[in-house]
Each structure stands twice: as C-alpha cells, then as structure tokens.
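Note that chain A is present in both complexes that follow, paired respectively with chain B and with chain C.
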Partner chain A sequence: MYANPVAYVFSCIFVLLAHSAMLANAFFYGNYSDIKDLIILGGAVVALDIVYFIAILFFKQISYAVDFLLILILNMSVIFQSCFGGVHLDIKHYVTCIAALVSCKAGFLICRNYKKLQDKKYIFYIGICILMVMIVLFAGERSMWIKIGSFSVQPSEFIKPLFVLACATSVMDQQKKHKILFVNVVYENIALFAMTAVICLFQWWCRDLGSLPTFVGIYCCGFLLRICYPKAKFSRKKLIFACIILLIFCAVAYKFAPEYVQQRLHVDIWNDKNGDGYQQSRALIGIANGGWFGVGPGKGYLHNIPAYESDIVFSTICEEWGLLYGLMMVCVILIMVAVPLINPPRSYYHATMSTGVCAAFVVQMALNIFGSCNLIPFTGVTIPFVSAGGSSMVVSGFMIGMLIACQSPVFRESASNKKQKEVPAWRWSE
Partner chain B sequence: MNSIHLILCAVAAITLDLCTLVLIITAYREKRSANKNWDWVANSMELAEQGMTYALGCDEVLIGRHASADIRLPDLSVSRYHAMMTVSNGRWTIKDLNSKSGIFVNGNPVHEILLHENDVIKIGNRRLIFRKRRDNNVR
Partner chain C sequence: MKSIRRCQHIISLIIVLFIIGMAVLVLKIQREASFYMMNSDHHELGYVYDRNGDVLFDGTGENQYPENYFIDVGNLIGDDKGQMTNTLVSKNIEKLNNYSFTGGLISNGGHASIFTTIDHEANRAVYNAYGAQKGCVTAYNYLTGEILVSTSLPSIDVTKGYDAIETFESGTLISKTLYGTVPGSTQKVSTVISALEIMGQERLFSKAFNCEGQYFNRSGLNIDCHNRYGHGLQNIQQAVENSCNPFFAQLIEDDDMPLNRVIDAYRKLGYAVNEEEVSYFEIDGIECERASTTLTDSYDFSTQWGCIGQGETLVSPVQLMMWQSAIATGTGRMTMPHLIDHCVDVNGNVKDSAKIEYSEQLFSVETANTMKQILLTNGANHYTYSISGYNVGVKSGTAQVDDGANENSLLVGFVDDQNFPIAFCILIEKKNNSFITTEQITQILLDNLRKDFTM
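== the complex of A and B ==
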C-alpha cells in the first residue's frame, strides 16, 4: 500500500490535470469532424489513468514515482498518436499501451528478487539463443520480423531485456576467478562478451544496424560496472583499454558497413529531398513549421510521410503540438530513467539493471531524435512509449518494470535457508 | 496563430511541467520510505570499533585498506580488499576475499559466515563489533 497518501493523491490529480490540459488543447484547436471522437479519446485516457492509479495500489512497492511517470507518458503518447492526421482514438496504440502497463508489472514481479534470478541466470542466455534461432527460422530473408496473421512481431526487441538481465546477474560473480595460464579470468565475463559478439554479428547479418548501438550501450554500462566492482577495484587501465577496443570496433564497423549504410552516412538531405533524404528533410521542415506551440493537433502535414508514427514521431509531434511538447515528452522519459539517481539502488545487480535500462532508452531516443534532426544517419529505431509498435511498447514496459524493481527491491533468501540455528547473543572463544 | 491559442498552449505546457515537478518531488519523498525499508532489510546493524562506527548502507560492503573501500581500515595488517559483507533477508554474511591475514569471528578463523548481533570480527589487527545501530545522541 502507498506509504504517503497525500503524495499519491497529488500525483494522481496532477497526472489527470496534465492529460486534461492536452485534451483541452485538442478540443479547442484539434482537427476533428465529430465531437464524439474527442469524447471517446478523452474517456479512454481518463479511464486508463484511473484504472492504473487503482491497480498500482495492489502492488507492494516502495516507490511509485516511476509508475506515475509511466502512465503520464503512455497517455500522452495515446493523445499524440490519436491526433495525427485528425482526432480519433487510435485503438491499436491504446491496446499496446495497456499491454505495456501489464508487461511493466510482470517485469516488476519477475525482477525484484535478485537471489531468485541469480540462480537461474543461464535461462537468459538460453532465451537469447532461442529468440535468435526463431528469427533465423521464421523471419523472412535476413529480416527481424515474424509475421503471424495480420500482425508482425519483432523478436529482436525481446532480446534487450534478456540481455540487460544477463549483464545484471553476472555482475555478482566477479569474485569467482579462475586461473587460465597466467591470467585470472571470470567465466561469466567471457560468456557475456561472447553473447554480445554473437548479438552484434546477428544484428549485422539481419541488417538491423539501428539496434546495434542499443546493445553496445547496454554492454558498455555493464562493462563499466564490472570494472568498478567492487568499488575499490576501478581500473583506469581497463577503462582505457576498453575505450580503445570500442574505437577500433567503430572504425572497423565504419570501414565494413554495408553499402546502404555508407550511403546514409554521406547523404545530403537537401540535395536529395525526394530520394534518401525524403523523410529527414520533411521531418525538419515539419519541426520548423510547428514552432514552439505547433500548428494544432491533427493539422500537420507529416502524417502523409511514411513511418510518421514511429521513425519520425518526434518531428510529427513537434509539428502538430509544438517543440515545447516534444521537449517535454523527452524530458518525462529522461526523468523516468533518472529516478534511480534520486533513490539509488542498494545492490550491484539492481544498479547494473538500472543503468542497462537507462542506456537502452537513452540510446534509442538519441538515435530517433538526432536521426530525425539530421544530426546522425537516419535509423528505424523507435522512441520508447511514444512511437507506435507493439513489440517495442511491450519490451519498453517490461524494462520500466525492471527499473521499478530496482526501486523496490526484495532481499530475501530462499525458503530452505530461512531457518537458522539460534545462537547466543555473545559468543567468545578466543 | 491567435493569442488565445498561444495562452492555451502555454497553460497546457505549464500544467505538464507542474505535473513533472510534482512527480519529481514525490520521488524525493519516497526516498525516505525507501531508506526506512532498507533499515528493515539491513536490520539496523552497524560495525563499531573504538570511537568509530561504520554504517552498512548497501547490500555489499567492502572492507579493506584501499582508499575507496566502503569501510576503510588504514592498517598494514589489513589487505587492500579484505572482506565483503552482504545482506539477505535481514541477515549479514561476511566473506574473506583471499586476504593475507584472514578473518576471525569470535576468535574462529572463517572464510564465510553468517553474522549475529555482538559478534566480534577480527580483521588484521583491527577488531570490529557487529551490533545494532545506536543513536548518536544516546551515551
């Protein structure tokens, strides 16, 4: 149950107020033909808010701040997505948001007890291997998508939380060193490095190079915490060595990148407005057109451009709602991943998990937003919770559940170890 | 764009800002309850030696001579990374990190052992008492 009822009530009221203000904006300046569409959208948003506010009370947590931020950003995204090209409830996105909330709670319940996961860490490696085999067997030619009936699933997204968990669970085994020839090695570190290499090669093979920086980011955070483990053992030499390896990796990747990637790296979007620079040039024009306060919900042009709701969603929001809203959206996601800085995790497992999730979210957001603004090559990476896409939404929800688990950890032994012998208060045999 | 639209957009953005601010304040307030929960997990224990007390603030506490150890014992008889204390379900365990002089708990050499209240831990030449935390104002 919530420890501070006043904070709970105030948080609920302000989240509802924020969504109401957005709906009021859509009411006065939105592009809708029938008021019923807006009423349905408003009803759906408020209903989801209220149901989630009640539902979180049934979960015993220490911190609920991330939950409030999550429902704030999810319903913001429902309003954004429902207003693109005209106000009407985007049912598909609404359902994926509900799925994200459910997977968030599943992530919280699964990940909060680190002792339980520590014993079963091999499952994560097996899970990653199974997902990769599934992609090879069921996806099309060098693709990451599996089509099931009318909808598609991207199994590579599900590798992300498993990879974060593999990083987090193996960080506690840094003391288990084994001597091979003259070098002390930790088997878990070798296994994790091998898994990272396999994932990178697999992403390369599948031509999903957009997700590659996300995995590299997660591994870098995991590696950084490893060389700091325990606190005293931070090694500057190891850090410099790792940076050199990373630079070599980037140089090799740049040299041997496929032709289409090389082309994107050197594309001049203004000279090739109708070719490779089509989406980026339109996205930049959209941001400029929107200004600080936007042209009005549903009144933009970008909804005519392919991938307006996923790859260039930041520009679409900036055009219709204004740069102020776009920046606020980014700010809310950043605050959500920065909550562990306010309430720091109490164990290396939880710290590694938090940094892994933060790295994944920040890298994904940076790739999407900077790609839309032509600061880096354009990628098909989504903004967590805002872009449309079921797999991305469910995985992002699960990863936020992991973040909540880091805020409300459980330090418990297994039932078999619970009963200990009673020992006198003062024992002295020296 | 007319001025009413501008005002409305600004009001909506300010409401969003306020909401975010309230949630940040909520996170800070929740930190207090998280600390309380930690006290329960850690069973409010501390390590004490003559004139000094050491708080046990996270689930892994490194004891050693090195400057950045959680509990630093500047004594040549203590290894740089001497021992690690871990907590689970309110119970603390101490583990030797292959130190030169080892660990003695109540006079017995140990590699890894569950600690109980008022156990005396000998690390090198230093003796630490594992005890319930006491208020600084109480003498």
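== the complex of A and C ==
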C-alpha cells in the first residue's frame, strides 16, 4: 500500500491536471471535426490514469515516483499520437501503452530480487542467443522484423533489457580473477565482451546500425562500473585504456560502415531535401513552423511525412504542440531516469542496472532527437514511450520496471543459495 | 555506498551530456528557424525599398504598380520565384520573411523589409537613357560604399512573371554589373598601377616608347594601335590619354617590368591570375565575379594583349568601379560597396545596418595619387565638354567581343569632389550600333545623382 496518502493524492491530481491541460489545448486549438473524438480521447486518457492509480496500490514499493512519471508520459504520448493530423483516439497506440504498463509491473516483479537474478544469470545469455536465432530464422532476409499476421515484432528490442541485466548481474564477479599467462582475467568480462561483440556483429548483419550505439552505451556503462568495482575510485589507467579502445572501435566502425551509412554521415539535407535529406529537412521546417507554442494539435503538416509518428516524432510534436511541449516531454523522461539520483538504489547491482537503463533511454532519445534535427546522422531509433511501436513500448515499459525495482528491491536469498554457503552461487561457476 | 555514488555520477554525466546536446539543439533551432522556414513552401515576404522609400520589390503581391515599374532593377533586386538565383532578394530572402520563432509566420502586419542604397529615380533615368541599347551601369559613393545606381539591360519586370521565358534575350536574368566582361583599355589602369608599384613614378615617367601604328613584339607578333598612323614617342601620361596599345606592349616587355612582379601586383588588385576556376566575392550575399587574366610570358602576345585589356582578361564592371574608389580616395584601399543600408525585422526593429568597410591595401598611396592625377588629366584634356560640370578622372575602353565581330564601349572613372564622391563604370554593348555614348550616360548619371548630395 502507498505509505504517504497525501503525496499519493497530490501526485494523482498533478498527473490528471497535466493531461487535462493537454486535452484543453486540443479542445481550444485542435483540429477535430466532431467533439466526440475529443471526448473519447479524454475519457480513455482519464480512465487509464485512474485505473493505474488504483493498480499501483496493489504493489508494495518504497517509492512510486517513477510510476506517476510513467503514466504521465504514457498518456501524454497517447494524446500526442492521437492528435497527429486530426484528433481521434489512436487505439493501437493506446493498447501498446497499456501493454507497456503491464510490462513495467512485470519488470518490477522479475527484477526486484537481485539474488534470484544472480542465480539464473545464464538465462539472459541464453535469451539473447534465442532472440538472435529467432531473427535469423523468422525475419526476412537480413531484417530485424518478424511478421505475425498484421503485426510486426522487433525481437532485437527485447535484447536490450536482457543485455542490461547481463551487464548488471556479473558486476560482483570482478573479484574472482584468474591468471592466464601473465594476465589476470575475469571470465565474466570475457563472456560479456564476447556477447557484446556478437550483438554488434548481428546488428551489423541485420543492417540495424541505429541500435548499435544503444548497446555500446549500455556496455560502456557496465564495463566502466565492473572494471572499477573492487576499488572505491575510478581507475584512471583503465579509463584511459577503455577510451582508447572505444575510439578505435568508432574509427573501425566508420571505416567499414556500409555505403548507405556513409551517405547519411555526409548528406547535406538542404541540398538534397527531396532525397536523402527529405525527412530531416521537413522535420526542421516543422519545428520552425511550430515555434514555441505550435500550430495547434492536428494542424501540422508533418503527419504527411513517412515515420512521422516514430523516427521524427519529436519534430511532429514540436510542430503541432510547440517546442515547449517537446522539451517538457523530454524533461519527463529525463526525470524518470534521474530518479536514482534522488532516491539512490539499494545495492550496487541495482545501481548498475539503473545506469544501464539510463544509458539505453538517453542514447535512444539522443539518436532520435539529434538525428531527426540533423545534429548527428539520422537513424530509425525510437523515443521511449513517445514513438509509436509495440516492441519498443513493451521493452521500454519493462526497463522502467527494472528502474522501479532498483527503488524497491527485495533481498531474499533462494533456498538453494542458503544451502551452499561456502561457495556463493551468484558467482560464475567454474 | 561509494560504489553506488559512482553509478550516480555516471547517470549524472549521461544526463548532463544529453542536456548540453538539447541546449545546443534549441540554440541552433532558434538561430536557424528563419532559414528552415525559407525552405518551406509557405512564405510571407515583406518589401524592398530604395533609399527614398520607393518600393523595389513587393513580397506581398497585393499592390498594383505601373507597367515596367521595376524593370530597371529587375535582375538586381530579383524576386522569390527561383528563376534568378544571384539577386538581392534570393540571397537575402530570410531577412524579408515575416517570421519569428515566437510569433510564427505573420501574414498581415509583419514589418520585415530591406532598405537599399539604390536611388530608383536615378537608376530609372539611366536605364531609360539606353533606349534600345544593351549594357550596364554601376555607380557608388566611394566614401561610404553605398551603391546608388546599378542597372543592366536587357532586364525584366518581375511582376510579369516568367511565362514568356523562351523569348527573353540573352542576359535578361543576370545583372551584367556583377559578371566578368572584356575590359578593353580600361584594363590599362591596372597595368599602370602595376608599373607604378614596380618601378615607381619617376622611373615610369622617364620611360618613353614609340608608336608607329603597330608594333611587332619580341615574339614577332603584331599589336595594332587604334591610330594606324601612330602616336609617335610618348610617355605614360600620353599613352594613357591616347590609349596606345604598342606603348603598353613595350612596357610589358621592358626589363624593369619582370613578369613575376606584374603578376604579384595584379594579384594584389584582386585578379585571379592563371587560375582555371572562376572565383567570387560578395556584396550583401550577391556573388560578384573576381577579375581574371592569364599572364605567362612577358614576350607572349596573349600576355601583352591581356594587360592591354583583350585576350583572356575579364573584369566585372563593379570591380572596375571599386578600383576607382582606391584611386579617388588616394589611399590605395577600395571602399567596399553595399546594397543594403539596413533591414527591419518582423517586429519593426532595425538591424543589420551597413558599415563602411575598406579593402586591404591594394597599392601604395603614392601610386594612388599618381594614378589619380593621370586620370584627372585625361578627364580634363578629353572629357571636359562631353561630361560637363564635373571634375572627373576617367579612362575609356573599347573591348572586342564575339571574336572581334562586335565592340563594347566602356568608361570608368570618378568625380573628384568630396561633396559628390561618385565612382562609376559604364558599359555599352555593340557600340557601333549605338546612338548614345558612355559620356552621355555618365552625364545623365551624374546629373540625376546630384540631388542626393544637395538635399
């Protein structure tokens, strides 16, 4: 049950007010032909708010801040997506948001007891391998998408939380070093590095290089925390070495990047605004057209551009709702991933997991927003909770569940662990 | 706990880096939003005015103007239709857009406009003086850099659109003042400046070369003089006044004029010497072709011919005019021309006010003063009656074009009056078919500009 009823009530009112303000904006400035469309949208948003407010009471947590932020951003996203090109409830997106909420709670329940996860960490490695095999077997030729009827699933998205967990669960094994020739090595690090390399090569093979920086970001955070684990301070030598390796990796990636990637790195969007620079140039024009306060929900032009609801969603929101709304949306996600700064995780394992989730979310946001606005090369990565896409939504929800788990962990050892006290089971078995 | 704090540090670092990126993005959008909007299909343009508030371009398209009202400035001021890409409007269209990031596009009540330095009335008078002739005129205040007159014929009335574009004469859609043309004997100004820089006034004036109507250079090729009976033995002053080709061919061959130093002097003047690609300088964003020539060997016919103003030498009328400013002021530094006096943004705030700017030192003060005296003497001896009422320093030129089939007439010069500081360049194409002379155009030009300095 919620510990502080006053905070709970005020948080509920805050979220409801925020959504009501957005609906009022759509009412006064939106593009709708029938008021019923707006009423349906409003009803759906408020209903989801209330159901979730009640649902979280059944979960025992130390902090519920992330839950309120999650429902805030999800219903903001529902309103944004439902207003693109004209106000009407986007049922598909609404359903994926509900799936994200369910997935969030599943993530919380699965990840709150790190000792259990430590015991079964091999599952993450196996899971990643199974997902990759599934993609090879069921996706189209060198593609990341598996089509099931009218639905498309992107299994590579599901690799992300497994990879974060794999990075976090192995941190404590850093003390177990083995001498091979003259070098002290940790088997866990080698296993994780190998897994990262396999994922990178796999992404390369699938021509989904947009997700590569997300995996590299997660790995870098995990690696950084594990190489410094036994010491209280960061090891400067190791950090410099890691930076050099990263630079070499970037240089090699740049050198051997496929032609279409090279083209994106060098495209002048304004000289090629009807070719390779089409989406980006239109996205920037959309932001300029929207200004600070937007042209009005549903009154923009960007909904005519491909991937307006996913790859260039930030610009579509800025055009219709204004840059201020776009920045507010980004702030909500940032506050969500910054919660571990205010409410510190209870264990190093959970702290590492929080860092991985933060890295994944921020890298994805950066790739999407900066890419669509021509600060960096354009990729097809989604903004968590805001871009349309079922796989992305469910995975983002699960990862936020991991973040909530970091705030409200459980420290119960499994029965089998208690029996083997001499050799802790959460260490890598040799 | 320290270990957990380390994780928090990394999270903080990631978030701070992202916030920095977002700040950069917001600043970039703020700065470039107007440019983005100019790439959209929807604009709300304002007006371009002349120095007296007369409209030169109406971006609203809502007002009626007399027929051919804008024809004298059509290919300089241009429009937003995209047919002419090197005009004031096309290069400064952002400044005309009634858009702000806060207010968005303003269809009514926006104040975005450009106030130019052009005197529309004088410009129109000069344009009309050409009658059926083609050519161009450019004139500016050599103390402030304000371009007062710039017209190029044939031209276009932008309000009529481009439906009949197939029937347009060649050169209609460009301002010829900005593009290279064969300078004819006006090029001799540059050659004299180079000679003064290399050997000094005393030594140059001590030189005398004979003209017998033609001259066989050291390569054995013939350089003709326009006076087939010859000018006899002349010094530099006489040679400039006579515009004697054999004198200048011999000057280039002279041992005191090493070619490498001639090339250096030309490059200081701004010539692209022996370069394959055409290069440009800008006047308020409008590209203006840099002068170019080929100088390979002092005894080579084409090199000598280039220094005389034929062959491969090309100079834009604007650049010819700018050199006159360096001479007229006696400083050896050009006053850089500008077309935009100031702009007004969408909210009515004045911005981008013009400043007086000068070029680097092109040649010494001594050279400038000597050249000024040579041109003033030429003006006093030969143009007192044809350009009356003004103390002008001038140099005329006749340029053979179309492989010698046609001749263009040029006149460059300045008024030696601090209260009426005008430098100009006038070009009349196919002068043999013309009933009007460059001197007559100059007279009309100066008479019409006079009022701007007496008010």
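FYI, the second predicted complex is superposed on the first by the 412 of 430 C-alpha atoms of A that agree within 3 Å, B and C clash if a C-alpha of one lies under 4 Å from a C-alpha of the other, contacts with A are read in each partner's own complex, and residues count from 1 in each chain.
Just so we're on the same page, a contact is a pair of C-beta atoms (placed from the backbone, for glycine too) under 8 Å apart; a residue touches a chain by one contact, two chains touch by 3 or more.
This is a predicted model, so every value here is computed, not measured.
**Q** Following the superposition defined at the top, how do chain B and chain C come out on chain A, clash or fit?
**A** Aligned on chain A, chain C fits beside chain B.
**Q** Which holds for A:Phe68: it touches chain B only (first), chain C only (second), both, or neither?
**A** A:Phe68 sits against chain B, while chain C stays out of touch.
**Q** Put chain A at the vertex: what angle do the Cα centres of chain B and chain C make there, to the nearest 10 degrees?
**A** Superposed on A, the angle at chain A reads 120 degrees.
**Q** For A:Thr355, is the partner it touches chain B (first), chain C (second), both, or none of the two (neither)?
**A** second
**Q** With both complexes superposed on chain A, which partner does A:Leu17 reach: first (chain B), second (chain C), both or neither?
**A** First partner only.
**Q** Per the contact definition in the header, classify A:Ala7: touching chain B only (first), chain C only (second), both, or neither.
**A** Only chain B is touched by A:Ala7; chain C is not.
**Q** Looking at A:Tyr29, would you say it contacts chain B, chain C, both, or neither? Reply first, second, both or neither.
**A** first
**Q** Any idea whether chain B or chain C touches more of chain A?
**A** B
**Q** Touching A:Met365 in the superposition: chain B (first), chain C (second), both, neither?
**A** A:Met365 contacts chain C only, not chain B.
**Q** Per the contact definition in the header, classify A:Cys221: touching chain B only (first), chain C only (second), both, or neither.
**A** It touches chain C, and chain B stays clear.
**Q** Going by the contact rule set out at the top, does A:Val332 touch chain B (first), chain C (second), both, or neither?
**A** first
**Q** In the overlaid three-chain picture, find the nearest pair of C-alpha atoms across chain B and chain C and give that distance in Å.
**A** 5
**Q** Is there a shared patch on chain A that both chain B and chain C touch, and which residues make it up?
**A** 232, 234, 292, 347-348
**Q** Residues of chain C touching chain A in their complex?
**A** Per the touch definition, chain C meets chain A at residues 2-8, 10-12, 14-15, 17-19, 21-22, 24-26, 28-29, 32-34, 36-37, 39-40, 99-105.
**Q** Which positions of chain A touch chain C when the two form their complex?
**A** Residue list for chain A touching chain C: 221, 224-225, 228-229, 232, 234, 270, 273, 281, 284-285, 287-292, 295, 323, 327, 330, 334, 337-338, 340-341, 344-345, 347-348, 351-352, 354-355, 358-359, 362, 365-366, 369-370, 373, 375.
**Q** Give every residue of chain A touching chain B within the complex, in rising order.
**A** It is residues 3-4, 7, 10-11, 14-15, 17-18, 20-22, 24-25, 28-29, 62-66, 68-69, 72, 115, 175, 230-234, 292-294, 296, 322, 324-325, 328, 331-332, 335, 339, 342-343, 346-348, 407-408, 411-413, 418, 420, 423, 425-430 of chain A that touch chain B.
**Q** Residues of chain B touching chain A in their complex?
**A** Contacts found on chain B: 1, 4-6, 8-13, 15-20, 22-31, 33-34, 37-38, 41, 57-60, 62, 64, 66-70, 80-81, 84, 87-91, 97, 104, 106-108, 114, 116-120, 122.
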